Each structure stands twice: as C-alpha cells, then as structure tokens.
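Below is one structure. I have some questions about it.
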Amino acid sequence: MFWQIDLAILTLVVVTAVASLMVKDLLGAAILFGAYSFLMCLLWSIMGAVDVAFTEASVGAGVSSVFFVAAVFRTSRRTKD
Amino acid sequence: MAELIPTIIAKYNYWIYITLMMIGLYAMIAKNNLVKKIVGMNIFQTAIILYYVSIGVKKGATIPISTGGHGAVHEAVHAADYLNPLPHVLMLTAIVVGVATLGVALALCLRIYSRYNTLEEDEILAQIRKK
Amino acid sequence: MKIIGLIITIITGAFLVYAAADFPAWADPNSPASTYLSPYFIENSMKDTSVPNFVTSLLADYRGFDTMFETTVIFTAGLVCFILLRISGGKEPETSHYRHVLTGVTVTLKKGHKIPESEDFERIDDLWTPPDLIIKTGCRLMIPFIQLFGLYVIAHGHSSPGGGFQGGVILGASIILLAISHDLRTALEKMREKVVAILCPIGVSIYAGTGALCLLLGVNFLDYSALASVLHVDPIAARSHGIFMVEIGVGIAVMTTMIWIYNNISSAGKYNQGL
Amino acid sequence: MSQQYPALLVIVPLLSAFAISIAGWVNKRLCFPIIVTALSVVVYASIGLLLTVLEKGVVIYHLGGWPPPVGIAYYVDHLNGLVLVVVASVALLNVIAAKKSIEQEFPDKAGPFYTLYILMVTGLLGIVVTGDAFNLYVLLEIAALTGYGLLAMGEERAPLSSLNYLYMGTIGACFYLLGVGYLYIVTGSLNMVDIARLLPPLYQSRAVLAAFIICMVGVWLKMAFFPLHSWLPNAYTHATSAASSLIAPLVTKVMVYVMIRLILTIFTPEFAFATLALNNIVVWLAVIAIVMGAILALAERNLKKMLTFIVVAEIGYMVGGAWLGNRAGMTGAILHIVNDALMTLCVFLVVGNIVYKVKGYAFENLQGLFRKMPFTMGAFVVGAMSIIGVPPTCGFFSKWYLIVGALQAGHYGFMAALIFSSLVSVVLFFRIFEICYYEPFSDHHGHDQPPEPMDEAPLTMVVPLLIVAVILILVGLYTGDIVNHIIKFAIPEGLV
C-alpha cells in the first residue's frame, strides 16, 4: 500500500467525476462514469474492502455503464451542459 | 498552517469524500440535462460509500476473510488482525440500492424522452408552458 | 439555479468539513467503530456460522434481514422498469422483415403473411445492421466461461470475496452480453420475458421462504439454526447451509432483474432488436 | 403465534407481493384476493401487537435470533404500535376502494400495480416497526422506489414530476444514510436503543451535532417540509388516484414518525431541545410552511392540487408541534399523524371517486356533484370539517393539543398560524361546497334543466369511504382514550 498510488487514484477519481459531468456528450459521460466507478473500485480494494470492490466492479462499472449506454442509445447524446 | 497539514493528510479520505459529494450535489441541483443529473446522483451515492469504507479501515489489519479457512474453527481469531466488516456489509446494500435507483431513473428518462423528445429540463418546461 | 446550487453546495460542504474535524483519525485501530461491535463479528463468525468470510456471514446471517430487503429493492427496480416502459400488446407493424441467414436475402412481408416454417429465417428490424462475425463468435466462446465464473462466485462466497449479488450480476451480464453481441431477440429466445418475470420473485421468495421456514419450525424469522432438524446437521453447519440457500435465491433474483431492466431499457419496452 | 406478530407484519405482505407478482402472469383474477387477504392479516397482527403492547409494554423481536446490537431487532412500543395500526388499516381500506379505478386505468398491468402497492406498504410498515438505524434506510428506499413507480404511472407530466421526486428523495435518503454513518463512526453501533445509550458522553462532539442535523434535513426532504417541499404538489397531483390516495396519507406521515423517533429515541429530547437551540428556528419554519401551504392552496383552481398544498401545510403542523419541545405539542403531533392520515385518505378517496365518474378534478368538473354523488360528497364534508377542525371530528382535537402546546411554549406565532390556516381552510372548502351544491345555476329563461340523475360511484368505492368518514368521527369521540392510554406512554417522562 503506497500512499503515492493511493493519492493518485483519489485525485483521478475527482478528475473523472468532474470530467463526466463536464463533457458535452452523454455517451462520453456514460463511459467516463464507468471509468470513475472502476477507479473507485480500485480504491476500495486498496482499502481492503474486497467484497465492496467486487460488487462495484460488477455493478457500478459493469451493469450501470451498460444501462447508461442503453438509455443514451434510446434517447439522444445531445446535452447543453 | 504547520498543524493544518497533518490534519489534512491524516483525513484526506474524508476530504475527498466531501469533495465528491459536493460535486454530485451541485450537479443534481444545477445541471440542466436529466441524464447528467443522474450521473451526479450516482457520484453523490458513491461518495457516501467511500466514506463508509473509510470507516472500516484499520491500521495493520488485513481483508476480512479468515486466513485459517474452513478447518480452523477452533483457532483463536484476533479482532485486531482483520478489517471491520460491518461497513462493507452496509455498503454492499448501498451499492445495490444505487443501481436500483439508477434503473428506475433511466426508465423515467426514457418515458420523458418519448413524450417530449428532449432531455433538457428547460426545453421540457418550455413545452409544458406552451400548452 | 447555478448560483443557488453553488450556495447550497458550499454551505453543506463547509458544514461537513466542520464536522469531519471531530472524527477519529483515519485508520485508527482504537476508534469506536473498530472496537465496539466489529470484534464480535470477527471473533465469533467462525464459531457461530463456520463461514470464513466475515462479510458473507454478516451479510446473510447477522444482518440477513437487511439483505432480504436489499434483494427486494432490486426486484422492485425491475418491476418499476417493466411497469413504466413495457408496451404490451403493441400493434404488429404493417410490414415485417425476415432475413434468410444462409444467403443474406431479406424478405419483406405484409401484415398477415407468414414465412415458411424454417430455421433459416430470422426476424430483423428496419435498423438492422449486420453483426460482426468476430465479436459474435468471440462472445459465443466467452459466455459459457463467464457463466461458469458466475456460478463459482455464488458457490464460493463462503470463503472468498463474492456471493449471490456479484455472481448474480455476472450471470446476468453474460445474457446481456449475448443481447449486445447478437440482438435482443436472440437473448430473449434463451430467456423469455415470462421466465424472467417469474424467476425474479421466485428468487426473492427463496430468501424470504427460508426465513419463513425457520419461523414455521418454531424459532425467530431467519434463524437458520432451526434448519438443523430438516437438514440433519448440527446447528452451526445449518447456519452455513442456510446462508448458502439464501445466496442462491439472491443470485437468481439479481440475475433476472439485471436482464429484465436491460431488456426494457435497451428496447424502450418494445422488445424488438435492442441496441 | 402472538410473539411472532412483529415478523408477520413485514413477512406476510412481502411474501404475498411475490405471490401477486407471479399470479399477475398466471391468472390476473387472483391478485386482488391475495392482496386483500394479506392486508387483512397485517391489520389483525398490528391490532394484536398494539393490544400486547398496551398490556405488557414494549415488545422486542430478535431477527435471526441474534440479540441486539449484534443483530437487527424490532422494537414495538406505544408510539409505533399506534402508527402501525394506522398504516395497515389505511392501506387495506384504500386497496378495496381503489380496485375499480385500478382495473379501469391499468387493465393489463393490474398485477404489477398491486405488487408495487403491497411492497410499498411493506416498506412503510418496516420503517415504522424497525429498531435498527440502517435497516430503516433500506426500507426507506423500498418505500421510495415503489413510490416513484406508482407516482409515475399517471398523466402525461407524471414521469417528470416523479423524476424530480426521485432526485429529491435520493438526496434525502442519502443524507439520512450519511447521518447514520456519522453516528456509527462515533459510537460503533447501529441499533437505535444502543446508540441512545452510547451517545450522552458525546453530546459535545461536532460529529453528533452534524449527524443530527443531516438526518433531520434528509427526513425533511423526504416529508416535504417547507423550503424542501417543491417536489410534492406536482408528484401527487399527476399521479393516478389509486396511487395518490395511498401515498398522500401515508408517506409523509411515516416520515414525520421517523423524525419523532429520531428525536425521542436516538437523540433523546434533552439533546434535541435543550443542547441545541434550534427549536425556535424550526417552529418558525413550520409557521412559514403552514402559511405558505394555505396561501398556495387558496390560489389553486384544481381540487387535487389544492389538497396537496393542504398536505404541505399539515406537515407544518406536525413538525412544528413536535419541535415545540413540550408534552402537549408532542402529543398533538403524534395524534395528528393518526388524524391527518385518516382525513387525507378521506379527501383523496373522494377525489378518486370523482375522477372515476367525472374524469376530472378541476373546479369546473365539480358542478352539481351533491346531487349526483350524495354519499361521496357527504364523506367529503366530514373530511373537510376535520381538516378545518370542527368538533366532534378528530381534526379539532389534535389542533387543540397543538394550540395548548404553543401556548405553553409561549410561541404565539405558531398558534396564530394554526388559526390562520383553519380560517383559510374554511374559505377553501366552502368555496368547493358552493360549486358542488349550487352550480350550475338554473338559467333565467325559466325552463329549468331536468336535475342530473344520481350517479354514485360503485359500492366498493363508496363503502370504504363511508367507513373512513365514520372512523374520523369515532377517533374524534375517543380522542381522550387514545391520548390517555397510548400516546401518554409514547412520550418519555423527561419531556414535560
């Protein structure tokens, strides 16, 4: 457990969170949100919460992203903000 | 200032969780696009999960699975060796609740889109007002 | 709205920072959270339930009641998606398209006409695009292994990370992968809508039913030790088996709900070709 | 069997929800009998539980056989025993009354609708009966998710209103979860009674203060307390009548119950009222809620929307009463949970009957209704009298306790707001009576139109409504008994 890696992931989490909200394309937002979830899952497995990380990897980064992509595909990618 | 830096470093997980939570909250209040709001909502929820997982961390402890395996029923287990499993259990529930809310929210978005043909809140409100 | 949002956010954030200053230090082994209740679970999990993974024993036994409702939440989400989106008894379109798989010829039929009974024709939509052969074959090869892994995760939740939720999601993802790589109709042939919709409540009622069985055997709800008399094992092993039973229920419920939600969202309730 | 009542309360509706869900795919006609049977069992169990509590005191049930704080426990005392009976009976009466309109509005989705309905009742009962802070969160989410689904199946605008509710509700539930997390980090426990035992040495901690405020804000969001109420009127107005007549009486009241439980059990009144000097602010917010609710209701030309603003004002009554910080105010608040659930049910059932027959609820749709639907409108008069606060209907008595509490606390603003809102209610309801009774005016050419024939809603809709109207008067007549035998024991001795 290196604190440098820990800190880097924490920073990246914030960056992806902001990016997924700023990007002007909903599909991009969905993918960035998947990246956010995956980094979060990494963070939790570093903290030793293996079950939570496993669930987040399958639910948050996996199925949630698929739902987002499916919903964006059925509606539109356009967003003003 | 000198004593502030150790405080910041000692609890940086907590500061990051607050930052993420505020990012999510701001997105939910201020964003105009309905799907963006849902992304914000999910960030908001994961921030709370991050907070709970941070509670469970213990210095010098390993993951909460007994190293002895099935055969080790009679070996003594020292609580200090393992992480606190309770927050992990609570957060499994919270993650599942999160994905359930996400599914319902997206279904509602689809319904709204099929009616108004847009996902921008101001355009929808303009359409409602026009009638 | 942006300014209001900013003000609310800053006030809330400042308040939370103010409160966090009083927290015990991060990763402190002597914080109340680590010393009050959790040692009990860590030290007694093996004695009480003979499950090495404390998270599983805590999830499905000590706090099994929470988990039952967690599964119910998932079921509710599936049901809400169904009730909101599903367009039942939609009108049959004027023309329908069929594709002869061997030659790639597309046949367009008017309403009322039928294609000859044959395995070679598949129903397609207006927006049909040819599926990629590499992706199709690759997914076909991967899906059995994904499902095997999902079953392993459910079955091995007692002594490694995993359990009903994770395994159920992985099993559901395998069917979703089939729907993405082929199309929704192919996936629906494997898992019909009615099967999904009936399996889902059955999965949750396996959980609640195990608890109710304990109730009928004369102890409190979800007290698996009562199953000892049914399974002919000692009460500790009965708890372990009880946890396994509910994990299976959770797995079924979660798998079917994930498929159910995906089917409804990806086809906007029409159950046609999907993505 | 009687010691298993607390488990039955939640298990029976839960298992029947799955049975209904399967029956919806196999044979639709089975759904209604199953739901009525399940809810009858729940009503029976809740009454049995209340009687047990009255006789023997607090009932504790260990789920999974694990004693608290290790496992989850149910605590049933006088407070939640009373609320349980109300929730169960409102749900039973409403489902019988709503059968026709459900079948009219969702001919092919009745099965899923009933499933969501009973899951929501399960969630609400679980919230009321549980003694575990985290378990409450999970049940909160069940009640909320089913609520989003039920409310979204209405008019064109319903999905948008429901999505707004979803955003607000999720923020509320997450705040509650965060508050529980703050309590957990300082105490290490999740059981309500256990937390209350561990908290007193920590009252000075900022984390406990934050936990209290965050939990309160979360619960206020969920119950639509004044500045956080914006989601409620639209969400309830655009929903179908079967859904709104379940959700409007119960959800906000159950959230008020959660607030009172937080104040009385987890944080204890000493901390909530004495350590923190928040009383005055919250009561003034309640005053604004009452006044704003009344004024906004006055501006509406639409019966259902008007009633939703009255719901907002009534939440102000209960929150204000609870935060007055004395015994009379708290008694009034708890009594008002019961009364308000019943009278909201009464008026929303009336709206349901009107929608079923007239297909609209704007004021112009209401003309001549007294002649057309005499029984429905009779019940409406009783419900309206109760909301105004005319004796002997029950609304009078809870208002009386609230006013006494306000006088004792010396909070004249709250008392003035109560009286103001009663006066506004008089205007509101008499305006409707006038429209329903006198309009359409006979035209002055002399040849009267033949009076519209009586066209009452079907019997299954009218009978439950009349039962509710009778209960409104009965609860009013027996208020003394309810207060002396139940509510008196629900409030801790320390609160005077």
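Order as written gives the chain letters A, B, C and D; numbering starts at 1 within each chain.
Criterion: contacts are C-beta pairs under 8 Å (C-beta built on N, C-alpha and C of every residue); 3 or more make two chains touch, one makes a residue touch a chain.
For clarity, every value in this text was computed on a predicted model and none was experimentally measured.
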item: Most distant chain from chain C by Cα centroid; value: D
item: Contact-richer chain pair (by C-beta pairs counted) among A-B and B-C; value: B-C
item: Where chain A and chain B are represented by their mean Cα positions, the distance between them in whole Å; value: 11
item: Centre distance in Å when chain A and chain C are each reduced to the mean of their C-alpha atoms; value: 19
item: Whole-Å gap separating chain C and chain D, where each centre is the average of the chain's CA atoms; value: 32
item: Touching two or more other chains - residues of chain B; value: 12-13, 19, 25, 54-57, 61, 63-65, 86-88, 90, 92-93, 96-97, 99-101, 103-104, 106, 108-111
item: Residue list for chain D, restricted to those that touch at least two other chains; value: 134, 138, 141, 145, 148-149, 152, 159, 184-185, 190
item: Per-residue multi-chain contacts in chain C, two or more chains; value: 16, 20-21, 23, 31, 33-34, 37-38, 41, 53, 55, 59, 63, 66, 70, 73, 76-77, 80, 84, 161, 165, 261, 265, 268
item: Pairs of chains satisfying the touch condition; value: A-B, A-C, B-C, B-D, C-D
item: Complex contact set, residues of chain A against chain B; value: 7, 10, 13-14, 17-18, 20-21, 26, 29-30, 33, 36-37, 40, 43-44, 47-52, 55-56, 59-60, 63-64, 67-68, 70-72, 74-76, 78-81
item: Residues of chain D that touch chain C when the two form their complex; value: 4, 7, 11, 14-15, 17-19, 21-22, 25, 61-66, 69-72, 108-109, 112-113, 115-116, 119, 122, 126, 134-135, 138-139, 141-142, 145-146, 148-149, 152-153, 159, 182, 184-190, 198, 205-207, 209-211, 213
item: Complex interface listing, chain B residues touching chain D; value: 25, 28, 34, 37, 41, 44-45, 48, 51-52, 55, 86-87, 90, 93-94, 97, 100-101, 104-105, 108-109, 111-112, 115, 124, 128
item: Chain A-touching residues of chain B, taken from the complex the two chains share; value: 12-13, 16, 19-20, 23-24, 27, 31-33, 35-36, 39-40, 42-43, 46, 49-50, 53-54, 56-57, 61-65, 83, 87-88, 91-92, 95-96, 98-99, 102-103, 106, 109-110, 113, 118-120
item: Of all residues in chain C, those that touch chain A in their complex; value: 53, 55-56, 59, 161-163, 165-166, 169-170, 172-173, 176, 180, 258, 261-262, 265-268, 275
